[in-house]
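Just so it is clear, A, B, C, D and E label the chains in written order, and each chain counts residues from 1 on its own.
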Amino acid sequence: MIIQKISRVLSNFDNILPVFAAACAVMSVITLLFLPFVYSEDQLYPKKIVAGSTLNPYDRGGPPFVQAEIVSQYPENSPSAGFVTAYLTPFSLFLSKQTLYMGTTIVAHPGGILDEILYNTRGLDTVVEPSILFVAFAIAAYIFRREEHR
Amino acid sequence: MIWDGAIWNEYSVGLAVAFTCALIGFAALTIERDDLHKLLLIDLVETASLAVIALVGTDLAEALILPGLVVGIAELLALSQIYLTKEGYQHNPVKRLNIEVMMISPAPVIISTILVVYGIILSGFTGGGIAGLGIVFFLMSRSFTGDFHVLEIASGVSWALWVASFFVFMFFPEWWYLALMGSAIGILLKVITKMSLVGAMWGEPE
Amino acid sequence: MIAQLLFAVFFGLLLLGIHRKVIARIQRRPGPPVWQEILHMLKFSFKTTWVPKTASAILFVGVVLVAIGIWTAALFVVLSGGSLLILFAIYMLHKIVEHGFGLSSGSPYGKFGGVRSVISAASEIPLFVSVAAIAIFTHSLLISDIIAYQALNGPLLFTIPLAAVAMYVVLLSKMPFGPFSIVESKELVSGYKTEHFGLWRAGLEVCNGLKTYVLLLTFILVFIGGLPIWLILIVMVLILVTLSFVCALSPMLSPYDSVTVQTLIAGIMVAYVALLGVMS
Amino acid sequence: MNEIGGTPLFFLEFGDIVVYFTPFTLTLFILALIFTVFVLVSRPERQIDIAFGGDAFYDKVISLSELRFRRFMSIACGLACMGAMVTGDVFDFTLFVSLVGICNVGIVAAVKSRHVQNAAYQYGLVALAGTVPLFSAAAMVAATTGTLSMLELAKNAVEIPLAARALLVLGVMGEGMAPFYAAKAEMFRAPGAPYVIMCSLSSLLIFLRVAEVILLL
Amino acid sequence: MKKQYALALALVAAGSGIAAMALNMVHTLPDWAYMGVLVIAFPLFVLGLGLYWMAREGEADIPFLGY
């Protein structure tokens, strides 16, 4: 019977990934069929590139230590949003004057709109994300350590 | 007519491309039987999802790609370790963590030097943090006795630091400078401990 | 409220007794008396009770409390006309109770019952489909609103018969001796409840009584509408008898087949609701 | 269709991510909490196996380090569930779902049985593949509506593409719902009761929550 | 568990349920709180009563392994 055939496939966990991948493939086709979608112009955190700025394309802050404007969902929840962006370390400021596109990641210096969003407005994401990393590393480390001690 | 140029905006074209890529990846996954290749293929398909996120096109996309990327990498790491264990690929497990290997290895020196130089270039508090950690890493790798537990604890501490500074950000915005520095150090510690974890796990070939 | 709670427990157990009796009569056996399940509950509560040596003690006891607690909550949700979604969440979480019962004791039979309960995680999907179908028509999931809607427009049973069928199948999958009751089939001794004896079993019986009462009550309120209480009780018994007929006359499916059938039903229901959504 | 799970009782603001409790999510949250507490305080079961060909039996004892690790993972899983139950942001929800997926792998990854490890690996692969539709769905919601907040989306100002919703459901199904349950069921055979229960609890809870999210959007 | 503890548990649970009912009748306690009390008290009452009733405490034993 067809039902028994289906159950036989589904009950073997080696087949689960192919079945899931097939479902995803079908879903991709369906998504393609549903295209085009309307892109909402009214986005949060819009990015506009200031052509002449020395901080192009990262110029969100304007002069250092002045609060910048950020379009967030609930501005009342993060009153200090836009302040951190405006801060550059002296050397970063110097760098930014020499060249574009350098030294604006979180690690490089505290600044840039990315960390602003990550911290002030989408902070819970930031908590969940390193937690995922932490858990994954804990698993890997535990398994590895156990194998070592055996 | 849906083929009207006005409706087929850049976003939809981008989505079409991304989902076509995903479709190809998933189709490959459907027929792949080897466990290792499955893992690699999934990593490939993940890239398509990052493309879909990138199509949001605002700074939000940047903020979303980072977690998206991290999830992929994290699960990849855990799964590959499980794969190693389940297939029994653990040869010479003791030698790999052996201190002699680390002593003659130039890797800590190079990494530390890079870190110190990069930290100096960056300047400021964070740069100092990087440079300092580079030195700490150098010292740690020199006196590394194979106690894996220390690295795990360090990783946990950095995670806690990162989360704590997030909460400072959230609830005491006037302390933002402290929070910023805390998280900067947290993420640095995190990256460094995890790099060294990976390094210790897969180590150098015999 | 307390009176309604106690009534629900005993009437639910009585319903289960009627269920056994009807099945027995269909199969030409005399069967137990209809109040057998109530006696069971009382009997178990007098028996010697301990926690098995190998069990995870807190879970072993805690899961009994959770089982009674969630169905008490479910009864109150129905009585106060709360959200249908909460009710179905509780219904779905009953699965966790089965897992908890099955896994906490360390018994291999309980374990098999628990694993089968995990396997049959598909049986609840039709529920959400019928919830979605109801939401299309009533634009609310509050049970009080649904009753009010039916007072105006007639029973939903006739408006969306397939959604009612889906929920009926879900009811069926929770009845003992039915085609989908793989978790307590006889080769597993008593399935997930093998190691919960004595008082713990009495607690489980209380939970079963409440569960049967709540599920039948929900079915009536959601698909037929508000009726006077005596009529509700009569309709409950009638629905139960139809369920007993199905249980008595159909064989139990093998575990994975049962899941496949349930999944197929879920798939059909999803298509049906998609169609409804497009039409409305 | 605005108050599918009841009127929100209170809000907790984390910047743009607003955590809110409705009667529905509160019920789920409390259940996740109860089982997390069970995991925290309960000692694991000792699963009994029969030695064939006699009356003998043996019970499987979980070593202390394994117990600690699995308890840690289960608690992480419980916390992730609680987060997924109450978060009011689509992307945050998908992140919590991925966290649940990886925790589930972690709960059974430490079990030494080859069979269980195989199942965990296959499950992990599906969970990893499931992040693709999950994140894509969240990104599509953001791009087509300009917001990720469920509270804003529930106002039904802009239509969300059906494909985005379907992708979200598919992603969640990858975390262990039917018909992709087989690996999860096999993982369940691992000894250690309160821990493995978190696996199924999490997928049930997340499925319940995604049903609400889909009806809400 | 000693018998008197079980009895105390059952009585406390029953008492809190009845107290909640009384308070609800005089409109001091809202409906939802009354239900909440019952949801917690009822399972405890069932278990407490059963533990009080049971004839004697048994020795813990291993689970059933087969016929």
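Please note the rule applied: a contact is a pair of C-beta atoms (placed from the backbone, for glycine too) under 8 Å apart; a residue touches a chain by one contact, two chains touch by 3 or more.
Bear in mind that the values here come from a model prediction, so they are computed numbers and not experimental data.
By the count of C-beta pairs in contact, the leading chain pair is A-B.
Centroid distances built from C-alpha atoms place B farthest away from chain C. Closest to the protein's overall CA centre, chain by chain, comes D. For the pair chain D and chain E, the distance between C-alpha centroids works out to 31 Å. Measuring from the averaged C-alpha position of chain C to that of chain E gives a distance of 23 Å. Distance between chain centres (mean CA atoms), chain A to chain E: 49 Å. Residues of chain B in contact with at least two other chains: 11, 15, 19, 22, 26, 29, 38, 56-57, 60, 64, 67, 71, 74-75, 78, 82, 85, 170. Touching two or more other chains at once are residues 62-63, 65 of chain E. Residue positions of chain D touching 2 or more other chains, listed in rising order: 14-15, 48, 50, 59, 91, 95, 98, 102, 105-106, 109, 118, 125, 129, 132-133, 140, 142-143, 148, 179, 181-182. Note for the complex: chain C touches chain A at residues 254, 256-257, 259-261, 264. Every residue of chain A that touches chain D in the complex is listed here, in rising order: 10-17, 19-21, 23-24, 27, 30-31, 34, 37-44, 72-74, 77-78, 81, 120-125, 128-129, 131-132, 135-136, 138-139, 142-143, 146. If you check the complex, the residues on chain A that touch chain B are 17-18, 21-22, 24-25, 28-29, 31-32, 35-39, 43-47, 78-80, 83-84, 89-92, 103, 106-110, 113-115, 117-120, 122-123, 125-141, 143-145, 147-148, 150. For chain D in complex with chain C, the touching residues are 1, 4-6, 23-24, 27-28, 31, 34-35, 38, 41-50, 59, 176-179, 181-182, 184-185, 188-189, 193-194, 196-197, 200-201, 203-205, 207-208, 211-212, 215. Listing the residues of chain A that touch chain C in their complex gives 3-4, 6-8, 10-11.
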